[in-house]
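In this document, chain identifiers A, B, C, D, E and F correspond to the written order of the chains, with residue numbering beginning at 1 in each.
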Amino acid sequence: MANKTIIEQLKREQILDLLQEGKRIDGRALDEPRSISIETGIISNAEGSARVKLGDTEVVTGVKIHPDKPFPDVGDKGIFICTAEILPIADPTAELGPPNENVIELARVVDRGIRETGMIDLTKLVIKENKSVVGLFVDNSVINVDGNLFDACSYASVAALLTCMIPKYELQDDQPVQIEGEKSKPPVNTIPVSVTMARIGEHIIVDPNSDEWACMNARITITTNSDENICALQKGGSDGFTFEQLIKCSELAISTGSKIRKQLEAVA
Amino acid sequence: MGRKTDITLLDEKGIRCDGRKIDQTRNITIKAGILKNADGSAYIEFGGNKIIAGVYGPRDIHPKHLADSDTGVLRCRYHMQPFSVPERKNPAPSRREIEISKVIKESLQPAVILDDFPRTAIDLYLEVLQADGGSRCAAIDAASVALADAGIPMRDMVSACAAGKVENTIVLDVNNEEDQAGQADMPVALMPHLEKITLVQLDGMLTPDEYKKCLETAIIGCKQVYEIQRSALKAKYENGG
Amino acid sequence: MANKTIIEQLKREQILDLLQEGKRIDGRALDEPRSISIETGIISNAEGSARVKLGDTEVVTGVKIHPDKPFPDVGDKGIFICTAEILPIADPTAELGPPNENVIELARVVDRGIRETGMIDLTKLVIKENKSVVGLFVDNSVINVDGNLFDACSYASVAALLTCMIPKYELQDDQPVQIEGEKSKPPVNTIPVSVTMARIGEHIIVDPNSDEWACMNARITITTNSDENICALQKGGSDGFTFEQLIKCSELAISTGSKIRKQLEAVA
Amino acid sequence: MGRKTDITLLDEKGIRCDGRKIDQTRNITIKAGILKNADGSAYIEFGGNKIIAGVYGPRDIHPKHLADSDTGVLRCRYHMQPFSVPERKNPAPSRREIEISKVIKESLQPAVILDDFPRTAIDLYLEVLQADGGSRCAAIDAASVALADAGIPMRDMVSACAAGKVENTIVLDVNNEEDQAGQADMPVALMPHLEKITLVQLDGMLTPDEYKKCLETAIIGCKQVYEIQRSALKAKYENGG
Amino acid sequence: MANKTIIEQLKREQILDLLQEGKRIDGRALDEPRSISIETGIISNAEGSARVKLGDTEVVTGVKIHPDKPFPDVGDKGIFICTAEILPIADPTAELGPPNENVIELARVVDRGIRETGMIDLTKLVIKENKSVVGLFVDNSVINVDGNLFDACSYASVAALLTCMIPKYELQDDQPVQIEGEKSKPPVNTIPVSVTMARIGEHIIVDPNSDEWACMNARITITTNSDENICALQKGGSDGFTFEQLIKCSELAISTGSKIRKQLEAVA
Amino acid sequence: MGRKTDITLLDEKGIRCDGRKIDQTRNITIKAGILKNADGSAYIEFGGNKIIAGVYGPRDIHPKHLADSDTGVLRCRYHMQPFSVPERKNPAPSRREIEISKVIKESLQPAVILDDFPRTAIDLYLEVLQADGGSRCAAIDAASVALADAGIPMRDMVSACAAGKVENTIVLDVNNEEDQAGQADMPVALMPHLEKITLVQLDGMLTPDEYKKCLETAIIGCKQVYEIQRSALKAKYENGG
């Protein structure tokens, strides 16, 4: 569990010393995310897919699409579900078996970031109201862990969604049937960008790598939309933030997010 | 993303659908020490929420390999009774409950002094008898009182309250109707003396200005909750609890 | 497991010594249950609810009602299901995770006691035969353990059922739809009362508390109906009863049950 | 609560739907020592029930923390094969099977002398190949023979048989049709020499007088079963088993 | 796990020494299976059943039959599913709980052997195409383990299938309803016979018992049909076979299988 | 048992539906050392299969009682991503995946020298990003490279390729259409230098002669795969990997 080794303690001291001088362990500026590489259309069995590297954190994401019954009370909307799994190849400590609380939080934060911006217009994914709708299932498989899975999964999910092709369905005999050859781009309203920041001591850094992740005091993930409004927040970690720090984080999320959004827009 | 509603959520006089003003919380009552067996406990009614918090520990951890030789461990389970919601809830823990358990734990960890209890756990159980909007904040409020009631050393209380946006206005303590129809809901937890925010989440959409206003509003609510938590503990100890 | 500590052994000796003199550790007579407090209508999200204290054993129970498909072969009856859970706040030894054999037995004994008396006339809970019926789901949450959960859960279940209001449903388009504003009292035939007794040495005591529970030789739960017939029995514990003891238990169940039934009738 | 039936459950001559008299059990045959690998075993046919009981132990317990340093532990699993009932049964243990496992264990514990085997378990497995009314009694009857066959020291045998109410008459050993349509079914297990009743359950409705009669009737049945159990063990050892 | 005791090592040496002389530990020839006893019709609640002893390995198998929805894309075929369970009475090391990889492999190999020969003509088990078909559920319960469960379960499954009686169903009101009294024999195309062989050193033996099983280097199960073609193979164990050994195994599977098939044909 | 198809699976010139000759494999590319954290790794594209193999170990085993004091243990998990197949796959491991994990493990065990690492495990994880016919062979091919990349001592490589029957002709490396419509599919794994076959399965129907031909054809395919595996490892080490 939390038994910190001496090496971890020394690394924390080193990271803190550097931060006092305004530097990070890998040479980045405090508000600088790692480089992001995005490849799309890599899985032909998926209706949309992406492979994203955020530094050495790496995710493969697929979007599967099929007709489904709508959730009760929201018969006028399609279904959007986003999951995440940390594959055991990704990290020596990854666990097999049902997802633990960290993985569940990861999936739910990524899901909520996209859902709350209203990225996909779910009202356009209705085959027949209250009977049959289109479901988008976005599955994130983390294949290498180097900190900040939240943003890597979020970018991969957004890229896979932006490039997915939605089959057309019709009800025949009360059953939804796919119309061959008719596919369309997804109804996209806005592009969500998740930016995760850590507080280490009194310093706020953007996109912590795994050394920074291991020694942070607290973290926050803020998702903004194309209008640069704030649509989802999630604080984590075993300490807190001051009010001023939270305001600073929101500003960083908007400024950093704006640059990353351009890169995501380019894949569509 | 909210749903449409026929209710007037905010009238021209600034009165909300349940008669409250925009800066007013729902009714809150907290009672400390309500369970016989638990080492500490509290019961909260916060609007329509009815939640019991119970604490056991510090106590030995099984299996042992989960223990930490340097410090104690805070464990937390947020759990809804099948009858606590309009549609009967399956008794198995949902993914939502597991996530809420984690964010509640992380909102309380900064306040709980665990170093004095190496190799042990403090187990915090939050049992939702009736759920309404804002149940995670209410659970944190009861939890904090239950931990204090159990004699766990704490740096500060943790007081939680949400703020949100209704009809483009920032309001305190969003209720269920407002949340369903509403534009934004932001639960916040605060250590009132240390002025540290230990929980913040958001569903909805806020401009940067609204975000700031929303945080400020929630913090005011947290401080109101803190007074009620204090009174609950005082009442318990004055009654020789 | 069963490793009895010295304190437990001393307590057993003390309890036995007192019983030789016809006394119990908490001052009750051998055939005297603890005081019962019953509060109903406490959960507005439930169609019926109760909070019952039997001494320091405490249970919160809710009745949820919704339409369901009938079980095959009993398409002419509504559904009645009773569950129980010992919440981890209730006892330092309560286990998280799926219910163990003790909790399953608890739920099934409480369920059977109510079901076998025919308390609720399930034939009156049919929306359309073989298609759609009303389901009553009675969930018991034990919040404090001080022995004899069987009776505490049974009283709470009965009180919640007696005070529940059943919505009216109609089939529309083959789907059951609730008719707003039309609710009715449940069709009650009889009032079941469960009485649990323990044998400690050769003594039979009613409503064992947790000290008595820990040192009993065997126990029996007997449920009677308003006509004072015997409708359900469950022996438990790692020893047995003589024939004469079982006759005595049935007499105690009837006499004690009759007093408790008056208290339950008062809540309706 | 029974269902309606067209069958004549009891005719004017006191003959039941399967031709039995009211004080007569169904056919019962028990064979001891039928499994090669198990330390003890028995096979019973009791009416339509076909059940194998197998015993392993005393043997070490894994995980160790379930062991008891003062005494051995009896563990019991009652398990139905998917094909043992008219509707195929899901292979995962049902709540009903878990409860029956527990009541069977508690009906046998008083007879089994566990103190000589601290830190060990005696594992008893009851595999229902074909189920009919009264399967838990049949399982206990086979279990008791299998435990004896395994050489486990016992204070007494445990012999089980149900009684019940059919057409307002107390009858021995209720069968499936009688149980479905019937008014009451009361499985009973008895230690015949010590005259202790170690299992009693009831589904149905009995007046206090009927209850007494029903118990007495079941006890008579248990004693008949005991003779068959004895013969089975005798046959095994006479055949040099 | 694999910690071999000294006794096991001695036994392996003894088995190998005997094999050098062309002998087996229980006196059989290398290509000689143990005696097989087959009893059918033993479970009246099952539509087909069998109890098979292969030496001291013993299995009870039941076939349950009920109407079901067809699998998507194969709406013109009935359902055939074969499971296996090693009951805890069967072996001191048998595990309770969900099936482990050995039990899953056992079930899948037995299933595939029967399925791939096309033993049952599933196209004749359709009630209404794409809507409702007949399902055959073959459940194998191993009650005593003495090596080679593959073949014992396979013979028991085949015997239970050959002797099962299939009810007739009709759609009424879109629901499949059983027509009383009309039952028919299953539509059998061919009789599969599974033959399992082990390699110990350079020797190939048929139907290894549990001592041989414990010390084999590798094993193979080959299923042939009535035309003596090869329809399913499964290699197992932590070593391999040469090409020549695999050819020899196929010859043994055909010659041995042919004798066993006669015994299975006799039960039908 | 195949399904009907309208595709011409094999034309009069011996050309298959995807343009291959009967003795030709699909395109195969393997890259070693593609993961940062894993001790060894490989990525394979084999026809439409896209699979990552990752190796951790030798490392300590938890729980300890699964360890072997005489030798190391090879553990293997074959796992399909939800998006790897046309119908979204439930993330929980299916019975098919568990069986494939076992046969893959047993196809590699003969090659891996485990005796030098008592009490440890070598964990091999096979993550299928995209599945096509022959995924278990492709997984074994990647696994073997990943084990070598991790520096695990090996007696030989393990190279796998299927052969099968299409239109009554034995062909190498059956693809998905051929498998669906086809008559037989036989995956085979070979240790090329030791000439031992460590995996062989079969679905379909083969005469004894076809069986022999099919084995011979698969072995030729395995040897072709071996050259590609070698090149992948060479490329890694030449690039100073």
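Quick note on the criterion: a residue touches a chain if its C-beta (ideal position, glycine included) is under 8 Å from a C-beta of that chain, and two chains touch if they have at least 3 such contacts.
Everything numeric in this text was worked out from a predicted model, so none of it was measured.
S.K.: What is the set of chains touching both chain B and chain F?
M.R.: In this structure, the chains that contact chain F and also chain B are A.
S.K.: Of all the other chains, whose mean CA position lies farthest from chain F?
M.R.: C
S.K.: What chain lies farthest away from chain E once each centre is taken as the mean of the Cα atoms?
M.R.: The chain lying farthest from chain E is B.
S.K.: Could you put a whole-Å number on the gap between the CA centroids of chain A and chain C?
M.R.: Between these chains, centre-to-centre, one finds 48 Å.
S.K.: Can you work out the whole-Å distance between the CA centroids of chain B and chain E?
M.R.: Taking the mean C-alpha position of each chain, the two centres sit 58 Å apart.
S.K.: Hey, how far is the Cα centre of chain A from the one of chain B, in Å?
M.R.: Here chain A and chain B have centroids separated by 26 Å.
S.K.: So how do the chains connect up here, line, ring, star, complete, or something else (other)?
M.R.: ring
S.K.: How do the chains line up around the ring if the path leaves chain A toward chain F?
M.R.: Counting round from chain A, the next being chain F, yields A, F, E, D, C, B.
S.K.: Any idea which chain E residues touch chain D in the complex?
M.R.: Listed in rising order, the residues of chain E that touch chain D are 42-46, 49, 56, 58, 60-64, 66, 83, 85, 87-92, 96, 137, 139, 141, 143-146.
S.K.: Could you list, by residue number, the parts of chain F that touch chain A in their complex?
M.R.: 35-38, 41, 48, 50, 52-54, 56, 59, 77, 79, 81-88, 91, 123, 125, 127, 129-131
S.K.: Give every residue of chain F touching chain E within the complex, in rising order.
M.R.: So the residues of chain F touching chain E come out as 1, 3, 66-71, 73, 95-96, 98-99, 101-103, 106, 109-110, 186, 191, 194-208, 211-212, 215-216, 219.
S.K.: Applying the document's contact rule, which stretches of chain E touch chain F when the two form their complex?
M.R.: Against chain F, chain E makes touches at 1-4, 74, 101-102, 104-105, 107-108, 112, 115-118, 220, 225, 228-243, 246-247, 250-251, 254.
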